[in-house]
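Quick one: this structure, given as structure tokens, is what I'll be asking you about.
Lettered A, B, C, D, E and F in written order, each chain numbered from 1.
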Amino acid sequence: MRIVVINPNTSGPITDTITTAARSVADRLGDVSIIGVNPSFGVASVESHLEEAWATIGILQVIEADLLETSRADAFVIACFGDTGLDAAREAASVPVVGMSEAALYAAASLAHRFSIVTMPTRTIAQSERVVERTGLRHRCNVRAVGLPVASLEHDAASQLGLFLDEANKAIAEDGAEAIILGCAGLAELVEPMQESLGMPVIDGVAAGVTLAAGLVAQRLATSRASSYGTVNGAPSAIEFVQSQEVTR
Amino acid sequence: MRIVVINPNTSGPITDTITTAARSVADRLGDVSIIGVNPSFGVASVESHLEEAWATIGILQVIEADLLETSRADAFVIACFGDTGLDAAREAASVPVVGMSEAALYAAASLAHRFSIVTMPTRTIAQSERVVERTGLRHRCNVRAVGLPVASLEHDAASQLGLFLDEANKAIAEDGAEAIILGCAGLAELVEPMQESLGMPVIDGVAAGVTLAAGLVAQRLATSRASSYGTVNGAPSAIEFVQSQEVTR
Amino acid sequence: MRIVVINPNTSGPITDTITTAARSVADRLGDVSIIGVNPSFGVASVESHLEEAWATIGILQVIEADLLETSRADAFVIACFGDTGLDAAREAASVPVVGMSEAALYAAASLAHRFSIVTMPTRTIAQSERVVERTGLRHRCNVRAVGLPVASLEHDAASQLGLFLDEANKAIAEDGAEAIILGCAGLAELVEPMQESLGMPVIDGVAAGVTLAAGLVAQRLATSRASSYGTVNGAPSAIEFVQSQEVTR
Amino acid sequence: MRIVVINPNTSGPITDTITTAARSVADRLGDVSIIGVNPSFGVASVESHLEEAWATIGILQVIEADLLETSRADAFVIACFGDTGLDAAREAASVPVVGMSEAALYAAASLAHRFSIVTMPTRTIAQSERVVERTGLRHRCNVRAVGLPVASLEHDAASQLGLFLDEANKAIAEDGAEAIILGCAGLAELVEPMQESLGMPVIDGVAAGVTLAAGLVAQRLATSRASSYGTVNGAPSAIEFVQSQEVTR
Amino acid sequence: MRIVVINPNTSGPITDTITTAARSVADRLGDVSIIGVNPSFGVASVESHLEEAWATIGILQVIEADLLETSRADAFVIACFGDTGLDAAREAASVPVVGMSEAALYAAASLAHRFSIVTMPTRTIAQSERVVERTGLRHRCNVRAVGLPVASLEHDAASQLGLFLDEANKAIAEDGAEAIILGCAGLAELVEPMQESLGMPVIDGVAAGVTLAAGLVAQRLATSRASSYGTVNGAPSAIEFVQSQEVTR
Amino acid sequence: MRIVVINPNTSGPITDTITTAARSVADRLGDVSIIGVNPSFGVASVESHLEEAWATIGILQVIEADLLETSRADAFVIACFGDTGLDAAREAASVPVVGMSEAALYAAASLAHRFSIVTMPTRTIAQSERVVERTGLRHRCNVRAVGLPVASLEHDAASQLGLFLDEANKAIAEDGAEAIILGCAGLAELVEPMQESLGMPVIDGVAAGVTLAAGLVAQRLATSRASSYGTVNGAPSAIEFVQSQEVTR
């Protein structure tokens, strides 16, 4: 089984961190190989609706490119909190596409009555809440932010452990959280120390996304083409779009 | 006051219809001039999430282009049901941006206890419901579709009157609708005959959007930069993106 | 276009403040004239459900009186937070009736992801929440109060600036508010200093109500008579009711 | 224990029917005496928001009048579907005030997973839904109407049995209703035949209201004065208001 | 009228406290006799979902045993916050079954706009919220806990008055509570001192449950057998189950 | 990885069907072995709340018994629509416990905008809706029933294909369903023919449950012990309970 994990920003180091996190959980699910990719074009980090617009084109580029491979993906995971471009990706891909945020929410809801998301930049609380509304889990989930830019992850996630623990402890005291969802890709190395310190499940959406994707493939299920996600013809090609852009630069 | 009405698809005839509809209501609000535009690149109609991704780039192109004008827009109206690209546009523009769907919902909620949206392609019910969820009006609004492609509007909206009346009558009987929202830009010519036949308000979102935008300008209000819609730096330029694409074709 | 702004309490000074606020925004919407009125009978301020019952009779008196004018209203705005008597007024009037609270909520929802109402007496939080429920915006709006009687406005709204700023700052910190709605008519002079201090939109419902009303008139829309707001025959006359009361006093 | 049941319209025959219904259930709750009253002024039936405004003044008249009695009420029941004037009455009265609709909903929720209200005029569905929203039971309760004016009750409720059974059967088939709430005061005589025909609980709100009121009195509980329903001073007197009106007529 | 109040844990002293509380309110509702019982088997207190599973069997034992009595119950009240086993009990009993939590919520909603539950062990907040969701009152009710085991009630509820007052005062300040629901059976003696100190209604669910049950009996209503709570045949006998268990121990 | 799939009724043939279904999906997830079990005591099928009470004891018996095994379960799946006993099982087990209904809902929400559950006995719609409320997916999911007893599965699920297709087609036409969830364990053989006929995903909760459970194990996550699902001491032993029962029979 091949699962392509898409980091929708253009940061190679973050793609590497995400790929490592994805692989460590995939290794426990049999013959699941992980391919971590990021688009060649777009934004350095996805922290706003405008950046999401560009990142979505990047995601479409990756999905189109996969169609040209000899071994194609069996599923895609979008590794960006807020599940950027998820609906468009579901229409573009012929295999299941999973968002890391929704996957993390389903995992948390399987382990705890109440839980909180701790995301990074405060302005992305809106994006997290968008996913919470979609999944309907508002009655069990609150969203918080440590107030850091995503770029701070390129260097060293571990150094932000203190900030994340502080916010998680507030979630426990004020929201009654019984589990914590890390609200950003690239935070996998925080899972263990936070779990130890807090004494409760800490969920990395990349890992959750990989297992949800693998589960859908194992069930031989694909995105419904019946209505909302029906096949679309005649839209522009993201690959051509980006290539021409690269040529003229 | 200059209001730029953006048709996010590339169909000139639909832009013309929308502009006419926008002008007839603007004329009753003092010195409001309407500029109707569509992007030079994108999709012929916006009926899916994938097409919304491309249409959003087109909307950003229009907003960027406006910055280069000597007389800039005082507000933008996105004339596409589902309010495609609204959040990204709010970040990109320095003036208010209004979606035709949310504006239509607010107008309906000011005139009726319950109301229904009658949109065109069945698959876009999901997009309409996304706006209904955002505005929170699910307890008063149901979404229906006549099951027609948007392209059928290029020729003659009036010929679809019967289909719209049938669906509106079902909305009255089954949803208890006391007002009808036309779920697509370019349907203004249906307003009067439907209103006459149904004996209740029929709302065109383009007209509603223009009045909401003019109202925000009159109140001298602008999109909040405090958090979710804060200014974004360093994102790609939609104009350059599209130009390079046009060069290479 | 004639818009009658109804202050439902009997305080002339508050009517004057409201009328001034309404006019400053109306002036930017073409030929919109504002007539500010208050009933001759009722309560000095509307801060409870019981007072709302009396204020509603006053609103009906104003609407009935308008029918006797040679130049009638094209729309009414109810200038009282909580939108007192709005449903009854919609049935009584033959033209659109807008509540200042719902109009303020729609404006806020067009500019910000989350926002908070800062109202005056704590006991009226219930009335504000009633409007938040009607409009469905509970997932984006919290209600707060500075804990002042409405009567304190007759003297000098500006002197309460500090109290309003304190509560608005709490809304920003605790609710994630990105815009503030002033939860009382007669607070227009706080808009500018608060906006400057907070760096985000501050919305006066009177101004928002006038633009929403003007917009409905420009769209040539009227309250639906189809069901909930159908015409009512045979109800008592508010004018006669109040006149007889005045005679016997 | 004295429970005053207020019919907020001015129809004596309907007051009589209501009083009889209230008494038959009160007789089974010990020493509970029922006083059925209607205001001397107002509307012949309460079927619109405008009529509710007048009926509320009537309810206040009744509550004020009770204060002048030597044996005062221990609780009030508002016998009008939609719970007209309930909030104002709670502020005006020093004893508990119960709405027949909320009481019926609580009874239904104690007996069935899902249930439907069958009200009389279609336009009052909005009023019923207002109570359903207040109580939060929308996820378990649907509202329907037989489409009859309330006035048809003055003659003979029994003759409408067929219409009510038809609508109740639709509620069973389409809403999954397991209990039926009669959505109007004065329908008590339908309870038994409907119960027999449908094989499920049929709830008369007047009876439900009397038991809820008696229960609150037995618990020695009173309306909270802490905030929303705090005591109000200086409002007009409904008795004087109505008396002067009667004098001048 | 015979009302059997079921304490679903096996603590005799708590059953005694509950019975006393039930009787004091029953005495004001005419000829209502209270029989307080607890199962012979199960758990010492019900503070978790696992304990609820066992307590449910105990409740079924009590209901089965009642069928063997010459004077059977006219209604049952489950005296455990969280309304343990309520649905199963409704199917098992041929007379109405009321949960103390739902009854308390209905009483609170009849007296206040907003209210809070103050329960005992923090972990049972989930059980209280389950009832809040069922009744739909989440928009008006928050749940809090003093963080005490139920067992602490066997000795002396009064000694915990301070803790309950502290949490109730937080509910007033932070939730806007205008009434307090005591979130545990056996707390009746706190009602009066808390009411005096807080100046607002304090509701004991046992008392509320008895009045709701008596009210349903007075209305001659029974649980709907139409669907969800239809009669069940062939399930094991709780009495036999428990007897065999006692024999083998 | 060992996943114990619990059929909470006592029907061996249904356990066999469930086990086969679980294995076919487990085989695609690496080294996952499936142990299918049912309790030795309880009810032949779980179609009511009363039967759920007994089935919960059976589930606890299975979980306790697993503790005595040399190779213990890494996760449990409760294979009963409605997720009977899920909360109690989460407290009793030291490894993750997944409900087949919640797992099916998460899978459906990953593939379709709207979807419907088609369950078997009409009376169990309430149980399905309980899970829909928990997961928060009410805005995207409707529940329907074919109106068959669960027992009809022991013989031949395939013969009911027509009934299921009819109801699924109603879900497509009336609910806008884009995917169908089979609302009962033991229906796996309907998946393929329904999928072929309907042209959309058809989800078997047993398969979905196995993949969700395997995913949680792969993520090395366990039920949160922080509050709601904290460890419980001193509850009765289900094994002893059932054994004594068997002895005395």
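Just so we're on the same page, a contact is a pair of C-beta atoms (placed from the backbone, for glycine too) under 8 Å apart; a residue touches a chain by one contact, two chains touch by 3 or more.
No experiment lies behind these values; they were computed from the predicted model shown.
Listed by label, the chains that touch chain D and also chain E are C, F. Ranked by distance of CA centroids from chain A, the top chain is D. When you average the Cα atoms of each chain and compare centres, the chain farthest from chain B turns out to be E. The pair A-F is the one among A-B, A-C or A-F whose contacts match those of D-E for more than half of the residue pairs. Look at where the CA atoms of chain B average out and do the same for chain F: the two points lie 44 Å apart.
Chain centres here are Cα averages; for chain C and chain F they lie 53 Å apart.
Averaging C-alpha coordinates per chain places the centre of chain B 28 Å away from that of chain C.
Residues of chain D found to touch two or more other chains are 113-114, 125-126, 133, 138-139, 176, 227-229.
Two chains count as a pair here when they touch; such pairs are A-B, A-C, A-E, A-F, B-C, B-D, B-F, C-D, C-E, D-E, D-F, E-F.
Considering their complex, residues 113-114, 139, 176 of chain F touch chain B.
On the chain C side of its complex with chain D, the touching residues are 41-44, 47-54, 56-57, 60, 85, 87-88, 90-92, 122-123, 125-126, 133, 227-230, 232, 234-236, 240-241, 243-245, 247-249. Contacts from chain A toward chain C in the complex involve residues 122, 125-126, 129, 133, 138.
For chain B in complex with chain C, the touching residues are 1, 25-26, 28-32, 96, 98, 102, 106-107, 109-114, 134-140, 172, 176-179, 199-201, 203-204, 207-208, 211-212, 214-219, 221-229.
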